[in-house]
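In this document, chain identifiers A, B, C and D correspond to the written order of the chains, with residue numbering beginning at 1 in each.
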Amino acid sequence: MKRVAVLTSGGDAPGMNACIRAVVRGAAYHGIEVIGIRRGYSGLILGDGIQLTSSTVSNIIQRGGTILKSARSPEFRTVEGRQKAYDYLTNRAVDGLIVIGGNGTFKGALQFVDEFSFPVIGVPGTIDNDLFGTDYTIGYDTAVNTAVEAIDKIRDTADSHERIFLIEVMGRDSGYIAIQSGIAGGAERVLLPETGVSAAELIERLRQDRNGSQSSAILVLAEGEGRGTATVVAEQIKKQSGTELDLRVTTLGHIQRGGVPSACDRILASRLGLGAVEGLLKGKQKVMVGLVNNELVYSGLQETVSRSKPISEELLRLVTILNGSAFADSRG
Amino acid sequence: MKRVAVLTSGGDAPGMNACIRAVVRGAAYHGIEVIGIRRGYSGLILGDGIQLTSSTVSNIIQRGGTILKSARSPEFRTVEGRQKAYDYLTNRAVDGLIVIGGNGTFKGALQFVDEFSFPVIGVPGTIDNDLFGTDYTIGYDTAVNTAVEAIDKIRDTADSHERIFLIEVMGRDSGYIAIQSGIAGGAERVLLPETGVSAAELIERLRQDRNGSQSSAILVLAEGEGRGTATVVAEQIKKQSGTELDLRVTTLGHIQRGGVPSACDRILASRLGLGAVEGLLKGKQKVMVGLVNNELVYSGLQETVSRSKPISEELLRLVTILNGSAFADSRG
Amino acid sequence: MKRVAVLTSGGDAPGMNACIRAVVRGAAYHGIEVIGIRRGYSGLILGDGIQLTSSTVSNIIQRGGTILKSARSPEFRTVEGRQKAYDYLTNRAVDGLIVIGGNGTFKGALQFVDEFSFPVIGVPGTIDNDLFGTDYTIGYDTAVNTAVEAIDKIRDTADSHERIFLIEVMGRDSGYIAIQSGIAGGAERVLLPETGVSAAELIERLRQDRNGSQSSAILVLAEGEGRGTATVVAEQIKKQSGTELDLRVTTLGHIQRGGVPSACDRILASRLGLGAVEGLLKGKQKVMVGLVNNELVYSGLQETVSRSKPISEELLRLVTILNGSAFADSRG
Amino acid sequence: MKRVAVLTSGGDAPGMNACIRAVVRGAAYHGIEVIGIRRGYSGLILGDGIQLTSSTVSNIIQRGGTILKSARSPEFRTVEGRQKAYDYLTNRAVDGLIVIGGNGTFKGALQFVDEFSFPVIGVPGTIDNDLFGTDYTIGYDTAVNTAVEAIDKIRDTADSHERIFLIEVMGRDSGYIAIQSGIAGGAERVLLPETGVSAAELIERLRQDRNGSQSSAILVLAEGEGRGTATVVAEQIKKQSGTELDLRVTTLGHIQRGGVPSACDRILASRLGLGAVEGLLKGKQKVMVGLVNNELVYSGLQETVSRSKPISEELLRLVTILNGSAFADSRG
């Protein structure tokens, strides 16, 4: 193995740069060259690759986003597109490909591997943490901390004005960001795709909380909970409860994707980046490198894209016991 | 002067607690007692006052929100309400009232002073910085820094995906947060109530920026710009530009109100809080204490609520020259 | 079980308050009262206990330090002291004691349990992460992030002035903070108690790094590395290398102990706090509740205080491969 | 005027990059080319200049440090050195020089201007804020906020352990960082070069604070206070007070220099950078561009380096009244 290529694809996540750096320096340690592909699969098709050396990845471990940029590639969904990508890789004498991204990225990779038997290793880079085969994905810890900082700030206002806030966090298919930021932010309720709660129930609980004393409350809503955006859910509650419950809405949005990666994410990204290179060296392919019980583990890409990773029952129970009880001053 | 009362009213702002602390400790220094009124004018009417001492305000200088809480008070808009407030103050032998808040707070104060000739001093506490009679309001610097941190994070994604983001910041009547966070965040455009730009013009400029090279851009929109929310403005642009310009929208919302106050806001709040107490001692009333050219200044409350404070031409020019030019890679 | 007591002891750690909150609310859920003991074992001897309810622990999940305060207690090292503590607990009809702290705290607890057969459960609260029986201790993640933020800042200066910085981080007996902050901060070298490197070797490596191009470097030194403080180590290197290597020294010190706890630490503290209460309920005692492979685990207190937890070889290898290589511009 | 050069010199300060960006883009707006000189005066002598364009300064407004690097230049203190610098500038057809730095930088500039009559404008870039001719220097606001964040963190521990902390902040010749971070951090005492307090007095006040109730305290010491480092001062106090007062020491050190610049510093740097370019265009030279009462002002370089800027009496009074009183719980 003399040359590998690396790309980032899908939504950017804090720590992707730390991972690129680890791939490049890990490869350099083993005497392997690295070509960085710009703009994901789209750049692979266009042949937009640049040589990366240990010094070109200096001083990026602390940067959010991805220096290789990311983009959608409708063309990679076609056989012709994938053929061009394969041709580029073989022309450049690339022996293995490392793709950093999420579920969509890995589905594309899987198809590519199946067609061309090209060695590919996936690295889980997505703030959503919804990938089977790893306890944590790159960017998740930073996104949770960003959400928690936002909740802390909003709590100042919720408490000062004794209001109820509904805060929407990211997570199209999973409630990972919601559950962790909800627990850490001391949110009174967390609304997840994984656990249904009707508007009627919710109103009943909010009313109970308000009994005895006026108080504030923070509800965290996962983007993919099912009933729609926070604005829609708030309208529904306001409508059903009469004017009694006046919810304010905040949608955290894209601030969750960016920012300086946390220590956790930098270390995770470093471990997985090196693990990807050394996985290729050991002949592994069509796998994702992940961290399970603090050990590097290689899972089949097929399994990764098809199996779901449920939220732990213990965490769901924590919210109910620690945050959700009705007590005089419901703050935090 | 033996006893003063202090309250916070209107939207909460980071630094209000630092100001309460300064009022209490400044008063203590002069041998004056302080009664803290809970929930703004509403608490004044209900007689919800608590004694504040130097030690009760320990360890709050760094807290966001307001320990005295804030609330709307429709009753204070009635003569009966204000009469009750006056009765409470005289019953408790209060010699002067310090109100920390924004334009609405001061309008209420003005009516109260005119009817009862009660000594009142206002302290500008609002993130919007839209008050005449002070260069800066308490909470403004923190809000701008919060907005800039958010812009920095979103830029990571804008750059990685080469997208255009429209970020809505607070400022119902003024573009102060927008202009400062726009300059500091390196935003390519700032859309303000103070300066109109048509959708057609905007599209034309965005197209120019895109020419030559694909690139990202950040547009900062002041809440009160005039055309509606960021979502509305983005739809308008997308519609008029065809599918060409695909804007992403983020509304920062309530995270701008909360959070640990910046050093600037803590110092400003400390100076103004002490200034309010010493203003009352010197017989000043029906005034707002502000900071103009780094000096404490007392302006008539009437002037404060009626005059506007325009955004400096120099700052508007800075955005055009430093951020708005069309250059290859438009980042930052 | 009707009543438990909780105390914090030893150096404070971010997340201790989140843990107290979890103990109180977890106990409330099971119908158990909680007495908070102020100032650790010292308060236990003096009988300085206060009742804690769900609402008294509102709004503390995000606060650094410990609302129960901490103190040294030489008296608890005497039989008489421990007898008084026991008398207080029995007088107040306390059925179990939860102690949040580190190695010293647990040694005290062990002696107490052995003498009085009183049910005690320990919770690992220390920034040092040096306790056997848990993968992570409360406060560790926050301390690492604080150290990394500091390293990021110092790198700005190191790079601008092309200097070498030696940064001392906490860890009297272990290099946990050093290794993680070193990897995440992109430090060129990490000096640990666990791995010796002579001054001569270090100088040789620093010289190699400097060859070819002027460059900056960051060295992270664990407090307990063995040769003394950063100032001592820097003097040693300067002396042996002639004037050639001009190291600047920064000792992070107590900023590593405080601050808003990270999301990780809040969640860990919440899980362990509830786990401690439910452990007592299940009859467990003389144990520490920890998190091993993301599962709650109860280990014998004896084992906890006597066994060491070595730093993973994988992490040590990461520093060498990713950070330590000699490359043109050594930044990050 | 067709071409200007810009350099950074002296200690790096957050916002220097924002200033370089403003110089480059401001020049571009006026059709002027910019040469960036690397490593301060040293690079000027060696002819180490690179062309800077609007796109080369993209995405640096938020970065700490200086992309042009900084260095000491003993050679620039010689006539021969300055002659080489002049030759380089004339060979490259440079019409004006902008130097971003502090007092030492300006002294060098002054000598250069006097000898060669070359148009030079200084921009105040130093965290110390000790320059006459400007209310604020670039980097000062960020440094104060960094110091305040550190004080907030240390207060968690001071309060939890009821200890006294002595925190040393930067400021070799002035107490600006100390006074502002002391007020904003709620420090009980601020020890400045500008105001002497004997160890005996200090001990007496600390004892008074301790009377009645055990309590914590934060003392902020300016580096240049006069008695030596924080360690020296603490030893002196411990020695004179017997074992009674057990001060802990933290020296913030280089973390104060780096980091993401605050909104204030980015805006200040942007205004001054543009102001420097437009000053040269208007024929100004041998001046420093500063901000006085929120207006751009050009002061003579000679005045800037020779006059001192005293700390406002109002701020000194604030510390005494708001922080220094003896009250039960002295926290914050």
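Just so it is clear, a contact is a pair of C-beta atoms (placed from the backbone, for glycine too) under 8 Å apart; a residue touches a chain by one contact, two chains touch by 3 or more.
By chain, UniProt protein names: A, B, C, D = ATP-dependent 6-phosphofructokinase.
A quick note: this is a predicted structure, and the numbers were derived from the prediction, not measured.
Trainee: Would you mind checking which chain's C-alpha centre is most distant from the centre of chain B?
Mentor: Using the mean of the C-alpha atoms as each chain's centre, the farthest one from chain B is C.
Trainee: In angstrom, rounded to a whole number, how far apart do the mean CA points of chain B and chain C lie?
Mentor: Going by mean C-alpha positions, chain B sits 39 Å from chain C.
Trainee: Starting from the mean Cα coordinates of chain B and chain D, work out the distance between those two points in Å.
Mentor: 28
Trainee: Indicate the whole-number Å distance between the mean C-alpha point of chain A and the mean C-alpha point of chain B.
Mentor: About 34 Å separates the centre of chain A from that of chain B.
Trainee: Among the residues of chain B, pick out those that touch two or more other chains and give their numbers.
Mentor: Where chain B meets two or more other chains at a single residue, that happens at 152, 155, 159.
Trainee: Touch graph of the chains shown: is it line, ring, star, complete or other?
Mentor: Ring.
Trainee: Taking the touch rule as given, give the residues of chain A at its contact with chain B in the complex, in rising order.
Mentor: So the residues of chain A in touch with chain B come to 8, 11-12, 14, 63-66, 69-71, 146, 150, 152-157, 159-162, 165, 248-255, 257-259.
Trainee: Name, in rising order, each residue of chain C that touches chain A in their complex.
Mentor: Within the complex, chain C touches chain A at residues 21-22, 25-26, 28-29, 53-55, 58-62, 135, 141, 144-145, 147-148, 152, 155, 159, 180-181, 183-186, 260, 262-264, 266-267, 270-271, 274, 293-294, 296, 314-315, 318, 321-322, 325, 327-332.
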